[in-house]
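Two complexes follow with chain A in common, the first pairing it with chain B and the second with chain C.
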Partner chain A sequence: MSRKQLDTSLLTLAALVAFGLPLVVTSPTYLQILILLFFYAYLTTAWNLVGGFAGVLPLGHSVFVGIGAYTSTILTLQYGVSPWIGMLLGGVLAAVVGVVIGLPTFRMRGAYFCLCTIAFAEGIRVMVENIDYLGPLHVNGPRGLLIPLKEASFWHYQFMSKLPYYYIILVMLLVVLALTWFISRSKIGYYLAAGGEEPEAAAALGVNVANCKLLAMALSCFFTALAGTFYAQLMLYFYPKGLMGLDLSFEIAFIALIGGRGTIAGPVIGALVLRPLNEFTRIYLSDMLPGLHLVIFGLILILVMLYKPQGLTAPLAAAYDRLARRITRDTTPKGEAA
Partner chain B sequence: MTAVIQATLNGIMMGAMYGLTALGLTLIFGVMKVVNFAHGSLLMVGMFSAYWLIKLTGIHPYLALLIVPPILYFFGYSLQDLVIKPVFKAERQVREPLTVIIVTTGVWYVLDNLALMLFGAEYRTVRTAISNKSFALGQFIISIPKFSGFVVAVATAVGLALFMRKTKIGMALRATSLDREAANLMGIDQYKVYNIAFGLGTAIAGIAGCVLIPFYYVYPSVGVVFDIRAFIIVVLGGLGSIPGALLGGLVIGLIESVFSQFMASTWTEAIIYAIFLVILFVKPSGFFGNKQDW
Partner chain C sequence: MKTGLKGSLLTCCLGAALGLALAASPAFAADKVVKIGNVEPLSGPSASVGVQGKQAREMAVEEINAAGGIKSLGGAKLELVYADSKSDPTVGVTETERLINTEKVNLMTGCWNSAVTYPATQVAERYGIPFVVPVAVRDTITERGFKNVFRVAAKDSWWVRDQFRFLKDMQDETGVKLKTIAFVFENGDWGTGFAEKWRELAKKDGYQVVLDEPYPSTATDLTPVVTKLKSANPDIVLLVSNAADAILLTNTMAEMQVKPKVVLASGGGHADPKFLENTGDTAYGLFDEVEWNTDVNKPGAKETNAKFKKKYGYDLTGESVDAYAAMYVIADALERAGSTDPAKVRDALAATKLTTGPAMIVSYDGVEFDKNGQNTNAGIVIVQVAKVDGKPERVTVWPKAARRAGYTPVFPANK
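Right after this comes the complex of A and B.
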């Protein structure tokens, strides 16, 4: 077996496990935990397009989740538009907003960029909380929006069981992962990496760093907004503080950093590590001592940054590499190895 | 009109508290080029330290000013030495130490939630002899704890500025802030300077905690209120600038207090964010900031 065959078969196996998991996991609670795991992996992968590859640290992505959720939900509630259409419109709107924000902010250095994204996201959240009606649109201020149960159908993006949601978010995750893979191997990906590390040098070599970053930002915001619609249809209720707060923005960045930002598998590995930990410590420890699960969360973050500042993906990839070399050496006849 | 002037006075005094918080943040940023997301949590630690000290020993609230800041100095010093320095060293080659920002965020999560575990979520306040005292200035009423806070804030800013100008350590801090490589070559231990800067920043958060506690509630996530304000203030005044932090604090306090006379207080928050973004786009270096920094 060659290395390429090994990689392909393992990836296929992982995909099969992901698609087959609901056969084993039938409890709605656990299915919901899995859905949220993929949801966060998806969000972080979308964040990674700009936060990982472009070398900046945006900390206000929850605002784009909010744009997605509000666009599709208001369109559904007031105009009867299918959430699927609202989802795409929300994505486009988020991409436009992302570019408008990116135009002035990408000139800034790291710390200013961070603070700017936070201020932008928090400012929008506070405004949404203060607005009942935006023109004809019913925003409903801090109370948020409730999506009434209609008939379960694909068109209404409402289903009887959790299962369709599971497959929707899984497919969304695979699409955005494939896109990340494609970008990381394209010219734009190399330009982004160069611009993120040495903007001046990249610019001197004729790379239009600003345009590449704006494209990455637009894509990232578009996909982030799609997650907003998904969340709205999954929960059927959301409010500004819960959906657009700093907590979500920070958690996305945490997952990316623990997994390894700028890598393809990083967001998935980060979500695989942090989400179950977060859910189970919350379920089992928060009754005992409120806040304990977040202390653990913070400590893990600090420890990973102390010992593996590049995130967990790099050491895991190295371990897999060693293992794969051993396997391929064991099973291939002499002369074909390496 | 009277109401507006009264609101202005209140705004100046509350603004001085924001400025005092921002002072520690701007000191740490100026020297280390790191936005310390844990700063609000360090303020919370300062407030809880003052709270328990006053509650358990019954000393006069302002005596805590002699005890809490030194404790906080060592807390900040060790925190930087044990937790932040190793990450900083690992990122030595990087001009923008973004991982360090995330580590300070981790510290924020740990501190806030440790406080939640230990003390619960309730709002606490110390009722002391001076808590409800006030004096009249013409027809305007000025609360004594708030006024004392204002005086302490100004004194701290002046003291810090003198310290930075006149002492050897202050010069080392400024040298490192200007050019860490050159400072290293001149025999300044960069990481020791960072420890001192972080310790001083934390001590200032301790001072703020002591003067806030007679009139402000303390709860585990109280830092977030001051954190966001402090970020806005340091950008407004210029990241790294001491007078900028105080002036920025006064401006934000004024906006908050005067605007809330005319509209819902949640809208004043939105206005603050909007002003912040406008400043970032128009003049990112702030009132007194260094152009090279942004």
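Right after this comes the complex of A and C.
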């Protein structure tokens, strides 16, 4: 068996497992946990387009989740537009806002960029919390929006069972993973990596670093906003503090840092580690100490940063590489590290 | 970046293992138990009211179980399953889903915060699980045509409705005629909401509005407001205030000798214990609005409060009385349903007509739900600050059925 065959068959197996999982997991509660796991993996993968490959650390992505959720929900509530259409419009709007935010902030380096994205995100959240009506649009301030129950149908984006939600988010995750894979092997991917590490050197070689970053930002914001609509339709309720707050932005960054920034599998691995942890600490430890899961997150982050600063993906990938080489009896060392 | 892809294989294998582990969820409990899911803020900013509600429910459930449980279900015992909402709507929704799907609760109750109750009741509606809301005041909770949501306590707009009912009843009772009215309120969501309804009802009842004055609740000097009040010279002043401004307003009015015939507040800052500590004699005669007061003249109220105080060390509050009563409403419905089938329990709840029993320590006369699930009898209590044993105390005066025995309200409070 060649290495390529091994990789492909394992990938196929993984996809089959993901698609077949609901045959085994029938409890809606656990299905919900898996849905949220994929949801965070998806969000982090979308974030990774700019936060990983472009080498900057944006900490305000929850705003784009909010833009997605508000756009589709307001359009549904007030104009009867299907959330599917609202989802795409929300994505486009988020991409535009992302570019507008990116234009001035991408000039900044390191912590300054981080702080700037936080400021933008918090500013927009506070504004939303203080707006009841934006022109004809009913934003409903801090109370948030409730999507009324409708008959379950694909067009309404509402289902009685958790199963359709599971497959929707799974497909979304696969799409964004495929896009990441494609970008990472394209010219833009290399430009981004170069611009992220050595912007001056890259510019000297004729790479238009700023444009590449803006493109990455637009894509990242677009996909992040799609998740906002998904979340709104899953929960049928959201409010600014819960959806657009820093907690969500930080959790995305946590997952990326622990899983491995700038790798394809990193967000998925990070979500796999952190999401179940979050759910179970909430259910079983919540009366012990509020916010305990954040303490545990912090501890894990410290440990990972101390011992595996590149995230958990690198050592896992290396281990897999060793194993695969033993299986395929391939002696040529692989040049690439995650 | 090939290795990234390889990593995702591992990921998915791990996912499969996790799924298998999760699928082995525990089978549900033995029969003869009716499980009631209860989402409350047990940590976070409203934890103290959440714990009060939890303890009131516990006491009611202990009493119901000790009296033989649900007899039509072969003496089935009630069992409360708690979940912490942290006052966070998202957590409340997730926990409601978990209680219904994993814990397989037969009924739901909670959640105190309007913001949590609003979406959580929609989850229950979706699954067809009856949800008894003891207290959460947002009007719209029982205005969505839901079939499975039942609210025991009064809703927001009824607070204003009962203020005007009180004014009318007291004028009929005493023969005093009041004509002019002034609105003074904090300019936030709460105050402006009240004022909107005041204007409507004042017009309907034929009062002449002589002042309509919002003020910022952070103000450190309210002399301008009181000056306006003095020159408008109304018979009635309606107030919505937070704690600090309630104190400031009352003391400034006393200093400037502004003495309207009736001053009627809307709970909140006026119901805060700090209010009476800091106003002293200047608050006498003031009327205020609350859900319940320890002295309500209802059979069993005193005994139940004494029992609760002995058990937990503090008095029952409006919220905890509603929580306590709600458990009896649930027990009554289960008794009549003779089944734990959600649809049957729902129908029994909809047909509730509870006018006797321990639940009737509430200030109103019964529990009966309209087609939206709102208790049509629910109401508010008006208290008057009076000197009892040389100390200012809040004495129940309205509704008349709940008035403290032997107390005659001073109405108007000033000539």
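The rule is short, and it goes like this: the second predicted complex is superposed on the first by the 329 of 338 C-alpha atoms of A that agree within 3 Å, B and C clash if a C-alpha of one lies under 4 Å from a C-alpha of the other, contacts with A are read in each partner's own complex, and residues count from 1 in each chain.
The definition used in the following text is that a residue touches a chain if its C-beta (ideal position, glycine included) is under 8 Å from a C-beta of that chain, and two chains touch if they have at least 3 such contacts.
As the structure is a prediction and not an experimental result, all values here were calculated from the model.
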Given the superposition on chain A, are chain B and chain C in a clash or a fit? fit
Check whether A:126 is in contact with chain B, with chain C, with both or with neither, and answer first, second, both or neither. first
Partner chain in contact with A:205 - chain B first, chain C second, else both or neither: neither
Just chain B (first), just chain C (second), both, or neither: which does A:109 touch? first
So, does A:309 touch the first partner chain B, the second partner chain C, both, or neither? first
Should A:257 be classified as contacting the first partner (chain B), the second (chain C), both, or neither? first
Touching partner for A:118 - first (chain B), second (chain C), both, neither: first
Rounding in steps of 10 degrees, give the angle chain B-chain A-chain C taken between C-alpha centres. 70
Which of chain B and chain C A:301 touches, first, second, both or neither: first
Would you mind checking which one, chain B or chain C, touches more residues on chain A? C
Could you look at A:272 and tell me whether it touches chain B, chain C, both or neither (first, second, both, neither)? second
Once both complexes sit on top of each other, what is the least C-alpha distance from chain B to chain C, rounded to whole angstrom? 6
Could you tell me which stretches of chain A are touched by chain B in one complex and by chain C in the other? 290
Chain B partner, complex, touching residues on chain A are 57, 104-105, 108-112, 114-116, 118-120, 122-123, 126-127, 129-130, 250, 253-254, 257, 289-292, 294-295, 297-299, 301-302, 305-306, 309
Would you mind writing out the residues of chain C in touch with chain A in their complex? 1-16, 18-20, 22-23, 25, 42-44, 84, 86, 88-91, 93-94, 97-98, 101-102, 115, 118-119, 122, 125-126, 144
Touching residues on chain B, where the partner in the complex is chain A: 29, 33-35, 83, 86-87, 90-91, 96-99, 101-103, 105-110, 112-117, 120-121, 220, 228, 231-232, 235, 239, 264, 266-267, 269-270, 273-274, 276-277, 280-281, 284, 293-294
List the residues on chain A that touch chain C in their complex, please. 7, 10-11, 13-15, 17-18, 21, 24-30, 32-34, 37, 143-144, 146, 148-149, 160, 177, 181, 184-185, 189, 235-239, 242, 260, 263-266, 268-269, 272, 276, 282-283, 286-287, 290, 313, 316-318, 320-321, 324, 334, 336-338
